[in-house]
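Note that the chains take the letters A, B and C in the order they are written out, and that residue 1 is the start of every chain.
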């Protein structure tokens, strides 16, 4: 239960922030254990190559961008964007097998998504809506962290906000009352939805730095965690009795968090995140304060989760104890396990469909 | 023969110096591969917890001391000193399995002892007498080293003082004559006793810095090594012909060394030591000189033993060659192996009895 | 194909530069996974010991040079140059097994060669001729690099000079025309010979810093790679139409490169090299410029090969794609594999003969 060494393949993983891949600069990044290299064709179209020349395994990210594509700078094979080799020094004949594997890749709202499974099933409609990342009605700051932990330990964390009162006691957290709330958990098509309302509570410390509140607030977190590890979170605080639970979102401080956990290897992970807000859009200090608050909180998570990983590493036989607060993460883990098992039974089927 | 991956469980291990565990500070330390966390209840009673929350494996040493006990700062479970969970956020029912494992722990003469096996057999009368550590008639300075070596390689070293003339040639060692002495070796209830007398020899270099000697000395080392790895050493030098071998300890420089090797993992160890002396009690410089001499010597051992471990790591098939000087260490290793085998056959029996 | 964990044993490996082993200083170096310790007897004769005392595995390179040999500074065993133990503290009887393994070792032209297999087959006539290393008619500077890569990846590199135009584009390399040449490859008694001529081409950048050329040059590389991994390379450039291909070596810049790859472990290697030249012998600046050019180029190789090793480590199942340019290296790898298989079938036979 503590770790799953296999990964879901037929799904979209967040691989990068768009601006990590320049017009002429490559990005080398491993995803689910596969070394990848991202680059742009003329005109800007993104390409995701296996970062390993088919010839002798040299990394293509040490290669050279030429008008026609990428040249491996070990022995000079030249590959076009399709992955096909179009030149081999010292021989005319180019065998069919002379190609580098490519992966479907899509750029959406500043995130680069890559499909690690069967390209035939790479249905772009499966990509979650993250327009909050670049919608002019919202503001936020892109973030990235590298984790020395299995991605499911991070997903666990996102799926149980009862940790807010403890890990983030002095930052994002707030009252222990919040930790006591039993969230409403529902199963969605490809994940889990968690809804949690706390009515009539003191504003969290960082909220007070952003806005003046007449008194207590109603707080909510409504979020979806979608396989493989994308969190879409609608959260906010509204003045108590202003009708937020009934749908009135006036005078509230509203956030939309987009977070993505992408396994690098079985024991390391990428973590992409942006917490957007739809108020005080013209006050950069609010955005900056929010960025700092988020970073402080996420660093607390990282410290705890990496420590947890180290402890778990000492005894792979350790069995976790299921509690009521684990309902959402337990359901998510079952879903992931089932999806991996289904893929292994029928690798060519679109398990994500 | 070079390493034993299993450990004796039904025995007392030295885990810490008392003052490493403050009234409110925790000590996290792994022993025989188990992460432990030491803390004090109100009133000072020591508690040894498994440093791993039963819920999801987070380290409790990242937790918070509360009046009632330790709260895991990941999801808020609260554990009292007995290990029982007494609060789970967001649920009333506390399952029987919601407890953290505790270990019998005893504080004696500045050392903290922990029992890693069946608590029913944790007989405190098995703890060796180390009153020299805090007896007002003796002085010495606590020491600790972390070793990158299996604990048995360190025990080997303690059980064969013929290395003094080589490893410690310029510090503790002295003459090669000393290395030639064949010690008297006897089996004790839970270990090995080694007695070695060198009559009419030059005082060791560091002895000359402590006291003026009329001429040659009689030197002795009489020590017990008790499982799992505790050394209790009576040693000293007396003016030649003063009757030291017959029991007269007047005009001698007498030491009592307490040393404990505690496995951290199969390849790393903790080493606790104090060399006490019963002369010049009011001259702190003597104690300080002794501390420096011991540290210099122990660093020489560490350099050699860690190098030995690295060489042995290169070929696990390497077979050591038994020599006469290995009698004591060979007997001790056989005793340890037999004790482990006995425990594995009958885990609940008190092998230490 | 990417790595062979076994090694050839019945062959001469380059272990060191002669001056790495002083009259009284030891050299500790591991070769094909075996820790070795090199030292000199009185009179300068070299000895290669297993760097592991037969008693308890302590490294003898932490020992002491005494008139009679090497004393282990853990417990004092004394070994003479033959490996025989001649003194054991505290016992008279010296068992037959009390000896340290020795290896045939030969010093030739500044290189120290060691035979890792059956000493009965250590035929010195198998040592390749590297007199260019210390012949007064040639000059060059000794070099050494430590590689985090399997030695065969480095041998691959030496056996396929098509990489010159890419890896060394701005240093040793020169034109892509050179990479297009199909070399003549022949099998030799214990390796592979590669001949490559490029007629009427621009001089390589570094050549221009050494000498003024009337125009284009004829370039050649004629080299032998001999098992386990010794490269002997005759190369140079001559004015075009001066008859170099027919054997006239006047007015040319001629080099002789001696390079040796010696496995340290399955994943790390030693690399010894000297590029000698037979012109401008009295201008140290030329030698220095050549040294810098070689170092710059070899660092480029190292960066590429270590990156290749890291990529290969991520997927041991990766299959390399054979191209025409791999003929020489493919043949060499087959030869190495066959030699290892032969040795494993008949360990005592002289596979090198």
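The working rule: contacts are C-beta pairs under 8 Å (C-beta built on N, C-alpha and C of every residue); 3 or more make two chains touch, one makes a residue touch a chain.
The structure presented is a predicted model; accordingly, all values stated were derived computationally and were not measured.
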Chain copies touching (chain B, chain C) - same or different residues, decided at half shared: different
Cα-superposition angle relating the copies chain C and chain A, to nearest 5°: 120
Centroid spacing, where centroids are CA-atom means, of chain B and chain C in whole angstrom: 48
Multi-partner residues of chain C (each touching 2 or more other chains): none
Complex contact set, residues of chain C against chain B: 30, 33-35, 51-52, 54-59, 62, 71-76, 88-91, 95, 97-98
Residue ranges of chain C touching chain A (in the complex, touch as defined): 2, 156, 160, 162-163, 165-167, 169, 176, 179-182, 303-304, 307-308, 310-312, 314-315, 318, 320-321, 323-326
